[in-house]
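Each of the next two complexes has subunit A plus one other chain: subunit B in the first, subunit C in the second.
The block that comes next holds the complex of A and B.
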């Protein structure tokens, strides 16, 4: 072969890694935009108004704190239990329907808590058909568990949030734990032991991450919790803001939510430990599932079916029944003629928010990988902060930022006017960047650092690496991020309620308005549409995860 | 630093060193992985960095490749400062090829696309001359449409080498390239890859922790320990004339005997040798292949063990002093364990004085 040819690549004067500096600056700019609303709030919250605390907040705060802890703990435990058991069941075993269940079980993700909540209340509540039948059998004073309670809301939220645990655990099981599990079995360890000693430690990051998502969702939920009459900090903020119009007090109370959120983030770090299971370039072998038969197989199928029915099929059937009943009554669903408008508003909002979130997430995670440093790491962590705050709090923050920018007069009024669709997208993006970022980050962590280093030594700059190596290899996580963010946005309520321009109604607002007036049968149609819209991407994504391309 | 190009301006001249490293220091968590190390590589040689795991050899390679940066010191490639402890040229601008232990092939790209990765867009198409040339070179022309997971370890290895060579690097770095390969195939693949690399005449640094691999490959060996270079020389020098006990033990089987120093000579119970380099704590090194034993009723040594190794056998002998040495001899020799023996040096073999 010839002599090594003379290369002509020129080297810039490198006072710093120049291309990296561009990335870092861009990331920082994005980060500032993302955390501005949070910072704005924080600044107000830092100057506490003691009178306010004594009068309005402090009296209810202990009960709210207790409610928040109880609900978070309960929902976290329940979701972890259901999600991880089901993930283990469909990955480690074969039984009738197991392939179907391995994606179907993620579908309850599409059921917003407030919808399952109002269905549950309508069916099992005091005036609902179940309790009426119960009383007709056992007498007027027959005991029945109180549905409108902390216990009730824990069950409802646990059932709609377990898919987060299920999805992340199943992915980790498939990707990483297979070979190790079989290695352990070959060393003569019983399945349960192998699960405890090998699989569980390897799953810890996934379990911690999904638990954190579940906790955050619970912490920031106000619609479901409020419907069940449980008082949490988020409910407190919303009530102060909407019912009493007291932005100051709401700001102050948001400090408490902050504290909780910080606790969850910290706990996730602790739970995740120092473990980092970056996969090498090659694929590891997945699980070879064991065939179940007889009673065991029936049990497995039954368990999956039961969860699916309670969390999704039964409530959907109930909604369908209500919708049918409603259509036979002549009064018709109010505002049905505006249905198309509401649905397209919802979808426009979801698509825009998902796009913004994914672009920002790809930018931030790639910066962290390619220009490693404390700043980049901080950026990734800090950008998820919006997800740990209730929508109502974010909405106040966005309003404050917009007002501030408005005063500077730097941008045209039309863009900024508080209450524009752009501010709504901004709010939703700040709120839902978290799940998008976490997903894309974990997808990227599956790309071995040797691949990045190889690409660099082959002359690819940061942008080329992101485009040619990182993105193609973490494609499925980008897709997952799109789905997670859009589903969350379609379901989002408080931000939309507070930031929407006049007349901009989405499906979720519609459902909320009807169900808060106990017009359950009328809320059935928009609720069903939300569930179906949300279910579609969940199903697509979930199936894709089961049978990954390539 | 001046604007310049990382270009090998004159391949026939050895005047410009390929790599110059001076006083390099790189610390991780207060442990110096590379500790005040200086090194110059000045020709199209195949240099082998060998040392036990954790000795800093891979870190040194990553520093040269730019994947990590110096705490202090200076690294120059072809007369250009690439890292001076404050600023560093990023890896993608160094024109240095890298091959990793796990090959690090891009799993979403075919063999052809992997090899073409480092080429400019217009040069890496389906009928890229360079890619085909590289695939011919490594003998994988028929595999261009396969994906990495469809290849054996050895084939992946060759794709990784082809990929690193395709952009015509001015320096090739191989980080434990054979460690992940099946032992049976390793020797063959090693020969193939080394031949390929030699054909390209690109200066190459190979890192390994295996002494046999180091001995069989390198033009020059650099033995590292604790972040420093402990010896540098040809395979022959490093094996037969180690300067320290560490190098002697690391590069092959060796036994050590205490010596008495008088004038310029060191004497142990098996013989004496000249001290070429003054050492403070000298020891005598004998390798099993240096020694010959003979059954002798009057001998003062005793054969205490015999290990069969196929073509040879290794006898362990207890000397009069109670110390043991090993002797490697033909499998045809037969001496009963427990017999008295005499120990002598094979023709041309002498003990070597090393530093403790």
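The block that comes next holds the complex of A and C.
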């Protein structure tokens, strides 16, 4: 649809103004919907029970705070280290398998932390085969590192979260840094220096954004962390909610989680730096990779293989082995037939949540672009709030909002929101808008604001700018957002548990149903299907990002 | 891709609309259940549907989260029945007035008084004994401790595996110690446990750790050991019925009540009556629990390996349910993980 030519400046101003106002109102309304559940929670957190808190401060809280800091920094550092070095390796060098690895290395993103966690504990824990063999060699009391520990959970989460760093860094390297790097090299700067002085500053937004996602995922995780016997504030929230049944206290402690999240967001701003890099032209030339040979090539291939094996291939093999063992036992009630239904529910939920999140993210980022200012920036930040709180807390906030809406009686009795698939999608969107929004925003930040201004001065309205300028230039970040949100949603558990309607079970619900009763081998099948389903969009995205731009 | 995603989203919103419109109208051929119990429900439920023509839908979750959901939804809730795996959550729900008292002679006859609350608003349906287990190679039956308090003694330092504080089973056991031994003594015991024990996150792991010699003794629900024995008859862990002389082995219940705002209370009551009588075996046997109804025979595997004639703690479930928050406070105090 071609934009009709604008004849007079008056018409242009009026049209621009009115469509912009509609656009802004829509953004505001969306923002309210996103923030309402969190506000509802904060309101119920207003009257603390001081006795309880004195007790918590004297007993649990110090360890929870310490655990949170330790796990966040541990996982952040590990993910940054693995993700960025692998991204550099596959972009700047050529070695056996490098093309394959350049997309395959993102696949561990499909492995939920809690699944790698329980496989790791089962295989490497005291009762697992590894330690059994160890004891048979070196005696019953032979020393073995404690797997169920802070160290253990850092390794597990680092391995499933590094792909965020890998994907975003690799995309930034490929899109932007190549030309600058080669220019620096041609001016005689040594590779390391060129990387440090030219490439690193250009990567800072990608590194900061992906590190922020890694830290948020770590901060709000409780299932994996708790399985490793580590206390964090999110585990504390869960304990207050589930063990104590004290919703108010749980909400209050979730303020501490929120404070950590604020720190992450602040740190991201700092790390991102003040620099903003506008792409000069539409296409920049990428890296020309250097060929590695001999020992170096072996080392590079070996490193990629090792990470993939530990983070993905080995746990999948273990799940397959459990599944085979399980298929030989007759349990009376076969669940297998119903897994097709659970799988399609999982996919439906993931696809819908991703769609909603991307639409909202595009809407909000474009509004922020068109009416720049501190208020618009704050609004975009505020919309990511759901990502900075544990899922079960969000679920209860959403439930409170839905029930309030239902009670107004504005909707007919037969259309209650509570317990509908729509409310479930709403809950998941509130929770996962964060990564979608951050990705699309960071993609858009690479589109020079000069382009937005030019389009505007040529009379394009908000929708046209979004559709014809911003979207085409940030296509890969939109795709990235779709994948990140849908993968997170397939793995999501607490929100699904609390908000799904009757008869709407997903794979993650069944992994949980079975593993909560310690039926781990039976949980292998749904776990495996989650991993494979989540792997598809990750591979799709990863491969697409590798292909040359046209 | 974008198109198919959008199509899916449309389907989703359509589903949302249709499923909620179905639920809003009170449909008296369907009972809806929020259940903290997940496994082995199917058989008893489908038998009930076959017998009566009444359909059953259920939604799984944790006891506590489902209770939160029920509370938040208030009179909008779709749930007719709230079913849990532990007494404390039933007690809490009753305290928050989420159930309606039932007048049913079938239920009061079938379920002994200690396994239901005073106003008959909830009923225990299956019993799980939380008792002491030990490594049969490391200890003789005489050496094995037979009281919960013994595990707090210094001689067991480093030899005990227990379950973490988030587990309702741990909480209910400690609540029963408070009721039976007094708060001060309970604090001493939990302190001793904390000093002695490796805290693990589920009963299966406790049993496997004992089997492989990480610990000599532990405390688990009896049916987890039954499940291990079913999988491997030579499994090396043995069971002691705790407190044979004194108060008896701690008995927890899995039970249910009809919600205060149930759309379909008559059918819901009918289902509970069925589960307490003819449905007992289908409901409890798969998980190797004890029937709450004393007329019903105990599943063979449990009868053969453990026996069912032992001294059971007579404490009313509502009583230790009410002490749940006190149990949590003690664990916080002494730092029991």
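Here, the second predicted complex is superposed on the first by the 510 of 550 C-alpha atoms of A that agree within 3 Å, B and C clash if a C-alpha of one lies under 4 Å from a C-alpha of the other, contacts with A are read in each partner's own complex, and residues count from 1 in each chain.
Note that a residue touches a chain if its C-beta (ideal position, glycine included) is under 8 Å from a C-beta of that chain, and two chains touch if they have at least 3 such contacts.
Source: prediction; values computed, not measured.
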>> For A:469, using the defined touch cut-off, is the partner it touches subunit B, subunit C, both, or neither? Pick first, second, both or neither.
In response: first
> So, does A:186 touch the first partner subunit B, the second partner subunit C, both, or neither?
Replying inline: neither
>> Is A:453 touching anything from subunit B or subunit C once the two structures are fitted on A? First, second, both or neither.
In response: first
> Is A:502 contacted by the first partner subunit B, the second partner subunit C, both or neither?
Replying inline: second
> Counting only touches as set out at the top, which of subunit B and subunit C does A:461 meet: first, second, both, neither?
Replying inline: first
> In the superposed arrangement, which partner chain does A:140 touch: subunit B (first), subunit C (second), both, or neither?
Replying inline: second
>> Quick check on the superposed pair: does A:229 touch subunit B, subunit C, both, or neither? Answer first, second, both or neither.
In response: second
>> Looking only at subunit A, is it subunit B or subunit C that touches more of its residues?
In response: C
> Where on subunit A do the contacts with subunit B and the contacts with subunit C coincide?
Replying inline: none
>> If we count contacts the way the header does, which residues on subunit C are in touch with subunit A in the complex?
In response: 4-6, 8-9, 11-13, 15-17, 19-21, 23-25, 32, 38-40, 42-43, 57-62, 64-65, 67-69, 72-74, 76-78, 89, 92, 164-166, 168, 171, 199, 201-205, 208-209, 211-214, 224, 231, 286, 325, 328-329, 332-333, 335, 337
> In the complex of these two chains, what residues of subunit B are touching subunit A?
Replying inline: 1-9, 11, 62, 65-67, 80, 87-98, 100, 102-108, 117-118, 137, 148-149, 163-164, 167-170, 173, 199-202
> What part of subunit A is in contact with subunit B in the complex they form?
Replying inline: 1, 3-17, 19-20, 280-283, 448, 450-451, 453-461, 468-469, 472-473, 550
> Tell me, which parts of subunit A touch subunit C in their complex?
Replying inline: 55-56, 59-60, 125-127, 132, 135, 140, 226-227, 229, 231, 238-239, 241-245, 247, 329, 332-333, 347-349, 351-352, 354-356, 392, 396, 399-400, 403, 406-407, 413-425, 482, 494, 497-498, 500-505, 509, 513-514, 516-520
